[in-house]
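In what follows, chain A forms one complex with chain B and a second complex with chain C.
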Partner chain A sequence: MSSFTRSAQQWATFARSWFVIDARMQPPGKIASMCSVRLQGKHKPIYHALSDCGDHVVVINTKHIAFSGNKWEQKVYSSHTGYPGGFKQVTAAQLHQKDPKAIVKLAVYGMLPRNLHRRTMMQRLHIFADDELPEDIRANLTEELAQPRKIPRKLSEYTQEEIDAFPRLWTPPEDYKME
Partner chain B sequence: MVFLTLSCWIRNRGPDRYWKVQELLKHARHFRGRKNRCYSLAVRTVRKAFVYATKARKLKKRNMRTLWITRIAAASREHGMKYPALMHNLTKSSVQLNRRVISDLAVTEPRSFLSLAKLAQARKQEGFRVALGDGKEPPGVFSRVVLLQ
Partner chain C sequence: MAARSVLKSVCTSLAGLKLGATGSNVSALQRINVPQLSALTIQSRGIRQVVEKQEGKTTTIEGKSLEVPAGPQPPNPTAKCPIYRWNLQHKYNYTDVLLLSQFIRSDGGMLPRKVTGLCAEEHRKIAVCVQMAHRAGLLPDHRPKLPEGHVPKKAKPQLNRYLTRWSVTSVKPIYKKGLKWCKKQLAVGHPALKDNVRYSVKPLYIKH
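Let's turn to the complex of A and B:
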C-alpha cells in the first residue's frame, strides 16, 4: 500500500463499497440504524460530513421484516396529502401490505441527518422486498453484514434428541389429558 | 476687487479614502452579489462576517472534538470495541493520549491503534475479573490484582 502513488492511495481510501443486509426476521429499526451508519460513512475512521464517504447498502427480504411487540397494529405512519381533510393515518400492517419496502425506507430516512445530503444517501440505499437482485447490483456487492438479531428456532426445527434432552419442570401422570 | 478668502473655502478632506475603502473591500472580495463591490453594502456584511468568525473560534474547538470522537468510535468498532469502553479503559491504564492524537493514529497508524484497542480490551477483561472473580488471577498472569495482594 505504501508503494501506491498518492492519487491511487486516495482513490482506494475513498472508494465506495456495497454492503448487503438480509432483513429476514429482523427488527426494521435495527436494520435501519445499521444502514444509516454506513450510508453516512460513520463506520470509517476517515469520516467527515463534507467528504462524501458514504457507501451503498442493499437490503433484501424486507417483506419478512419482524416488528417486536404489538407494533404491527399499534405503530401509526401519518402523512398529509396537502388538501383539506387529507390527513392519512395507516398502521404498520396496512402500510406493509400496500408496499413492503416502505417501512425500512421510512425508518432509514428518519435516521439520516436532516440536511441536503439525506436525499443523496437515500439514493445509495437499495431496498428489495425479496431475494431477487438485479445482475448489476449483485456484481457490485462486496460485504455481507451480520444480522443484528439472532433468529430463535421454531419447535419444528429442533431434533427429537434435543427436545428429549430439554429439562422438564414436572412429569405429568399417565392419565393426564393435555389440550 | 480681490477675493482674499477664496483659498479658505477650499477643503482638502482626507487624501486616502481610496485606500481605506480598499482595505475593507479586500475582506469582501469572495462575497456574492453587489456586496463584494459597493462600500455601503460591504461594510455591513464584512462586520457580520467578522462577528461570525469570532463566534466560530469557540465552535471550532467543539466541532473538532466531536469529529475526533466520531472517528475514534468508528475505528474502535472495527476492532470490536465501543468508544466509551475504549476511552475509559485507556484512562484506567494511565494512557494520557488525547482524542486528537488517538484519532490521528486511527487514520494514519492503524497498527498502533490496534495495539491501543487490545490494551483497552485486556484492561477491560482484568476489570471484569476483579469485579466478578475471587481475587485470584490465572496462574502465570502478573497484573495489578496480583500486585495488590
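Let's turn to the complex of A and C:
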C-alpha cells in the first residue's frame, strides 16, 4: 500500500503468513492443491523457486473429509516396506481409520515439486484431525481461506416455510395411500 | 377407481343414516358425540374433515376431503411429465432435496411411475439423484424403519461422501490402476445427468 512506510511495506511483502483451511465436507484433493499453492508461495507476485517465499498452512477437521464418488472404497494407497513381501495396499477408508491426517498429508506431498524444498514445505504444513489447535499456532494465524466446495443443505436444515414455498409438482390420485 | 370412490361415498352416507335414525330419538343437546367412524373410513391421502348435517329427522355425517388451496400454476401445463410441466428438465441435481423429497416414500424408496406420472427417463434420473442424496446423507429423516429392539452389531465408520454412483458395500478396491493409456478410472456422479445445464466453461467430469 502506498500509505505504508518503507519498512512496513518490506515487512508486509516478505513476512511469512499463516493460513487456516477447514476441511470439513471438502474433497481432500482440492484442499491439497490450495495448500500446495500457498506452501510454495505461488500466490505471491514476488514468487521465485529459490527465494523461500512459502507460507504456513494449517488444515483442521481432516477427519471429516468427503471424497466424491466411491473413492473411499476404490482408491488404494500403496507402499513398500523395502523387505520382500512387504508390499502393502490399503483402501482410503482403512487408511483414514488408522490415521485421519494421512490422506491430506499424502495428497499435499504429491502436489509439491519433487525437489529438496519439498520436505521443508511439508514441515510448514500443519494438519489437525479436529478443531482443537495448540495455543501457539492459534496465535500465529493470519487468514482463513474459503472452502472450495459449497456444502449442500440437508432436508432437515430447511425451514418449514421454505419447504411450503416450494410448489407441489404433482398431485396424487384421490384414493392413493400415501405413507 | 371411480367405482371405489362411489362405494366410499355410499358407505359414509349409509353410516350417517343409521346414526341419524338413533340420533333423532334423542334431543340435540343430549346426543353423545359419536367418535368418527375410523373403522369405516378408508385411508386416503388427505385427512378428511367430518361434517355433520341435520335435516329434520336425519343426520348426515359426511367425510369431506379438505380443499387444498391451488398452488402456483406450472409454466407448461400441457406436458405429461411433472418435470416437463415445470420446465425443470436438465436443471436439477442430487442437492435439490426439496424437489427429490416429493417423489420418495417416508422410508426413502421411490414412488411408482404410474402414480407420480413421470416419464421414463426423468423417473430414472430422479431415482439416481435420490440414491446419491441418500448416500450423501442429505435425507436423514427418510430412513427405513428398523424392527424394534434391533441393535446394530458394530458401529460403521461414518465417512462423508457425495456423488457416489455405486453402492458402498458392492464396490471393490482398485488394486491395479493400470498404465496411462489403460487406467481404471474412478467413477464420480452419473452419466444420466451429463446433459444438465452448466453455467461454467468447465465440462462435467464423470471419470476421475
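Just so we're on the same page, the second predicted complex is superposed on the first by the 162 of 179 C-alpha atoms of A that agree within 3 Å, B and C clash if a C-alpha of one lies under 4 Å from a C-alpha of the other, contacts with A are read in each partner's own complex, and residues count from 1 in each chain.
We take it that a residue touches a chain if its C-beta (ideal position, glycine included) is under 8 Å from a C-beta of that chain, and two chains touch if they have at least 3 such contacts.
Because the structure is a prediction, the values reported are computed rather than measured.
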item	value
Clash-or-fit label for the pair chain B, chain C on chain A	fit
First, second, both or neither for A:47, with chain B first and chain C second	first
Partner chain in contact with A:144 - chain B first, chain C second, else both or neither	neither
First (chain B), second (chain C), both or neither touched by A:178	second
Partner, of chain C and chain B, that touches more residues belonging to chain A	C
Contacts of A:69 with chain B and chain C, given as first, second, both or neither	second
Contacts of A:99 with chain B and chain C, given as first, second, both or neither	neither
Superposed arrangement, angle subtended at the Cα centre of chain A by chain B and chain C, nearest 10 degrees	130
First, second, both or neither for A:130, with chain B first and chain C second	neither
Shortest CA-CA distance in Å separating chain B from chain C in the superposed model	12
Contacts on chain A seen with chain B and repeated with chain C across the two complexes	none
Chain A partner contacts - residues on chain C that touch it in the complex	1, 4-5, 8, 42-45, 65, 71-72, 74, 82-83, 85-86, 94-95, 97-99, 101-102, 105-107, 115-118, 136-142, 157, 159-166, 168, 171-175, 177, 186-189, 208
In the complex with chain B, residue positions of chain A that touch it	42-48
Residue ranges of chain B touching chain A (in the complex, touch as defined)	67, 70-75, 77-78, 103, 106-107
Interfacial residue positions of chain A with respect to chain C in the complex	25, 64-76, 89, 91, 93, 96-97, 152-156, 158, 162-163, 166-170, 172-179
